[in-house]
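Paired with chain B in one complex and with chain C in the other, chain A is shared by the two complexes that follow.
Take a look at the complex of A and B:
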């Protein structure tokens, strides 16, 4: 029986071989190229055949803004994700418990998700403008000290960006969490009510534990997203500035490649970003595996 | 066992096909090149025949024309489209060369150029701007073929100047086909109400007089200067055009910006004056984060500001919108009156055409450059269709166009430059990373987040100057 199984496995491999070759070519080729390109010397835009070793990586790692840029990535992740998750759980609980107008909230929160990132960025660029609605509102209600030049000031530009991302991302988190909650036995909530649990206790002892696995997955996916899909926001809203105050690794690849025309270091940054992301992908895979096991 | 062998044998060709397919994708450039080489041979023969038997027009017309491809970023209804239709017609008739115009998206232009440069594939002829270092930088990055040895000898004397596209090592990467004079458009009504005399404009003006004018405008309740500096272009303008006045020759400018530390006078003085304009509130306050494309012209047309950047095309837009009676223009202010350059008008080579290093039709491409940039025919179509002032030295300005007075100023100014034999383009002396650093940091400098010395050090670092 075992012999037969092995025999079948081998022939399956041959059947799959063409597909494997094509898949390896499509997915493996760019990765290998990025790795190779990060190790060779470039003369302007032209790659030479000369092996440069770690020169491109050294140029990136010794760049005086590299740490700041890495730190910007970290700030975005550390600030955005907890806010999105907490806000989404909070909203989720109330939508699930069908508070008055819950359907309107559901649509309202989900609306930004269907907007293209560029459109979201344009809308918030307008909101955050020095004479835009947010600053005007602060002025009108006498909170002049809160009026700041969001994207003209290096201390605030990253936070303007973060607010936009939160607004855009929270809807998806709510939908995801609601989907998980819909499979929770409603008797749990009824039982909690009978036991005299208030809203906070229901949230703390029922909703959050029930959402634990989906929150873990969402956090990892969101980290991967925040590392790799911010380009459109930054390009539209701040161009990475003022200075490098709102530049992240992803945008740094663009700056190296398309403004400095230094393709070698651009590939090196891309590879560093890939490695960081890959670590989170591995964590994600581990979480999804353990979730499957739990199920 | 036999069955297994058959399956294996059947899959070997499949694997080979997959591998061939893979290599075909990676090697598609080589295949194309081979085809192009073959085409070139045919084309070269055709051109040679054409040259030998120039009079045999019928024969030449019968042969398939060599097709050159030209890329440039275009807006909708860009006048370059009819210009290149005219060029195509002219070149076909005269040399049996077809010039195919391929307009590209402005937004993706630099990305397109970069990918063309990396793959060394794309058009034969390429547009670029000279005035902001793009041309020089692109040339250094192998996007343009150095033309020094391949341009016909006489052509060097026919162009008003080559500074805008020549690097500090003397490599010429393209031919400028027009020339502009950077200026400041002013609102005549606002000037009159602020009590500013402008009857003798356009003329050279200097820092002290300019500041006095700005203050008068501010006192009269106007915002003196337009500002939309999200991308940082205003920094480049204010640190580029007026600083030419500190120097005695174009070589001095070129050396200073390409080879010397700018953590020194005159650049620090220029920075101080730029910041002074900001600190005094002469720039439009909210302009720090406004984008250039949607705001620069609109600020002036909407009469939000009294003065704004201009050159011929901008002036035409301003006049079309506000009327000639309301719009005036003067040369861009000089920060110093000490250098020899401060005594002459500084031209900007706006647009250039270069040849790509990978083009198989260099000889034919040179002919296009020569016809467009160094003949009466070329100068006239540039003037008539684009409304630009040609860089062709022998071109004579026509009667003033009441709808575009600045075009006439440029027409006269080109003669001034030609007489002086200078090229006078400070901005073009920047290398791209220098310009990019200006874009990136000048807002930070204006808001006081970095000092002039720190800014200058950033600029030095961008050029690897200690």
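Take a look at the complex of A and C:
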């Protein structure tokens, strides 16, 4: 009996209960409902609910904007992540090597991360305005062909969004990479210097290999983030437009539900987003050590 | 090209890149502050110059007539309540994960933690329908429950990680002295974990302050609008103008900047810990 008691602690249940109840209510319960709602034909208000099988999914998949929206998700990921990662590695290397003014740079580069998303989105909406700072700058330096109506033109609105996201995200990657680099033996850099390596060579042969594992984690985490946490930017900057040119799956759920008021298809999109995210979360958990925290 | 020249060229190149990015950051803040102090006419004439006079009338106007004061107060209520509830629930759960033994611990832990990564957008639709049915939409308690749920995984993760670092000898000594579980939690674990508790509270407050989605959907009545919703819908207000939007944005940014300024280290540590592990 005593042995059992040291092995399993019944009081653990009471400590965990409040957390489990809240998570079940906020995550468990809606997830089950998503599966259910995505399979029925229902406008969300009427009591009549009829089983409709795959009709909601068909409506989503045959929606003429669906492929474009998936493609927008893909573009955001494949453009944002390499730029953020490369720029962050570069900054990280030279801040680590204490380039002139590195303390100030380190401080400044993190400021966009702190700025509330909505505020950052508002500032950059003005930046991208037809007569805003960006177009003014292009005119001043004689690059008139780059002057475009960023958020009025479906060809550019997505890129306006991406530039804002990169600007906001890069500081976090720098801090993350620096934290890893600070545990690297500085002797490595000194030895390389003695051997005549310049700063780009140490970047290539020391910094990048040392950062490899943290970069892997960051990339997976950032894919999850870009799939799931862009609502504030899109809602403030483009509302998904013009047309659907800057709509992503996440925002499509919102449009289906609250503009079209179609509950079934909205849930079908939410379910698709859930499945895609779930795959990346599984990959992340495999790579990360978070599950080793408890045993 | 000799190695020395090359290394100087590299340094110049790095400075050019760093200064360029710094300018975008500094200019954003300058743009926000300068334009929130201008009159609408001044702004339309030139958005780059300093304001001709130090004129706080926009800020006073949005605060008193633009309902930003109410939104500010709403966000404070939401933020502080979420911070407190998340702390209590999170500490209890983290204690179980870090110090107690029970069945299916690891599975439960991983399941709870992985909720951290899913978009609130996936959940809000069923929750929205359910909240209307049970009358929890347009209530603080409804929004606070959602915020707590969304932030709990990270709280449990951060606290469990920290609690596990507390020397087991301290806890065993207390058990020998006959201290109860709750007493150990209260007088050993919590006092030793103040840095992580502080980090967590700051990040949770920041998260709620920063939120737009939950506010847009679950606090639709204007008198319940949290600050980010109030700002994002400013354009539709009768007197709305660019300078008022800047003034309101500035008001929303100041508390965050003050908190960050005072507690920089805790803030950054908490943020990075969640990703590295």
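Criterion: the second predicted complex is superposed on the first by the 255 of 295 C-alpha atoms of A that agree within 3 Å, B and C clash if a C-alpha of one lies under 4 Å from a C-alpha of the other, contacts with A are read in each partner's own complex, and residues count from 1 in each chain.
One rule holds in what follows: contacts are C-beta pairs under 8 Å (C-beta built on N, C-alpha and C of every residue); 3 or more make two chains touch, one makes a residue touch a chain.
Keep in mind that this is a model prediction, so the values were computed, not measured.
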Now for A:25: first (chain B), second (chain C), both, or neither, which partner does it touch? both
On chain A, which partner touches more residues: chain B or chain C? C
Check whether A:119 is in contact with chain B, with chain C, with both or with neither, and answer first, second, both or neither. second
According to the stated criteria, A:217 is in contact with first (chain B), second (chain C), both, or neither; which is it? second
For A:39 in the superposed arrangement: first (chain B), second (chain C), both or neither? neither
Go through the superposed model and pick first if A:239 touches only chain B, second if only chain C, both, or neither. first
If you stack the two complexes on chain A, which partner ends up touching A:130: first (chain B), second (chain C), both, or neither? first
For A:174, is the partner it touches chain B (first), chain C (second), both, or none of the two (neither)? neither
Looking at A:154 after the superposition, I want to know if it touches chain B, chain C, both of them or none. Which is it: first, second, both, neither? first
Can A:263 be said to touch chain B (first), chain C (second), both, or neither? both
Set intersection of chain A contacts, chain C complex versus chain B complex: 11, 15, 18, 22, 25, 29, 44, 257-258, 263
If you look only at chain C, which of its residues touch chain A in the complex? 3, 6-7, 10-11, 14-15, 17-18, 21-22, 24-29, 31-32, 47-48, 88-90, 92-93, 95-98, 100-103, 105-106, 108-110, 112-115, 117-119, 121-130, 145-146, 148-150, 152-153, 156-157, 160-161, 164, 181, 209-210, 212-213, 216-217, 228, 231-232, 242, 245-246, 249, 252-253, 256-257, 260, 267-268, 271-272, 275-277
Touching chain B in the complex, chain A uses residues 11, 14-15, 17-18, 21-22, 25, 29, 43-47, 64, 129-131, 149-154, 239-244, 257-261, 263
If we count contacts the way the header does, which residues on chain A are in touch with chain C in the complex? 6-13, 15-16, 18-20, 22-23, 25-27, 29-31, 33-34, 37, 44, 90-91, 94, 99-101, 104-105, 108-120, 122-123, 126-127, 132-133, 136, 167, 172, 175-176, 179-180, 196, 198-200, 214, 217-218, 221, 224, 227-229, 231-232, 235-236, 250, 253-254, 257-258, 263, 266-267, 270, 273-274, 277-278, 280-281, 284-285, 288-291, 293-295
The residues of chain B that touch chain A in their complex are 4, 7-8, 11, 14-15, 18-19, 22, 25-26, 110-111, 114, 117-118, 120, 137, 140-143, 230-232, 285-286, 288-290, 432-433, 436, 440-441, 443-444, 447, 449-450, 461
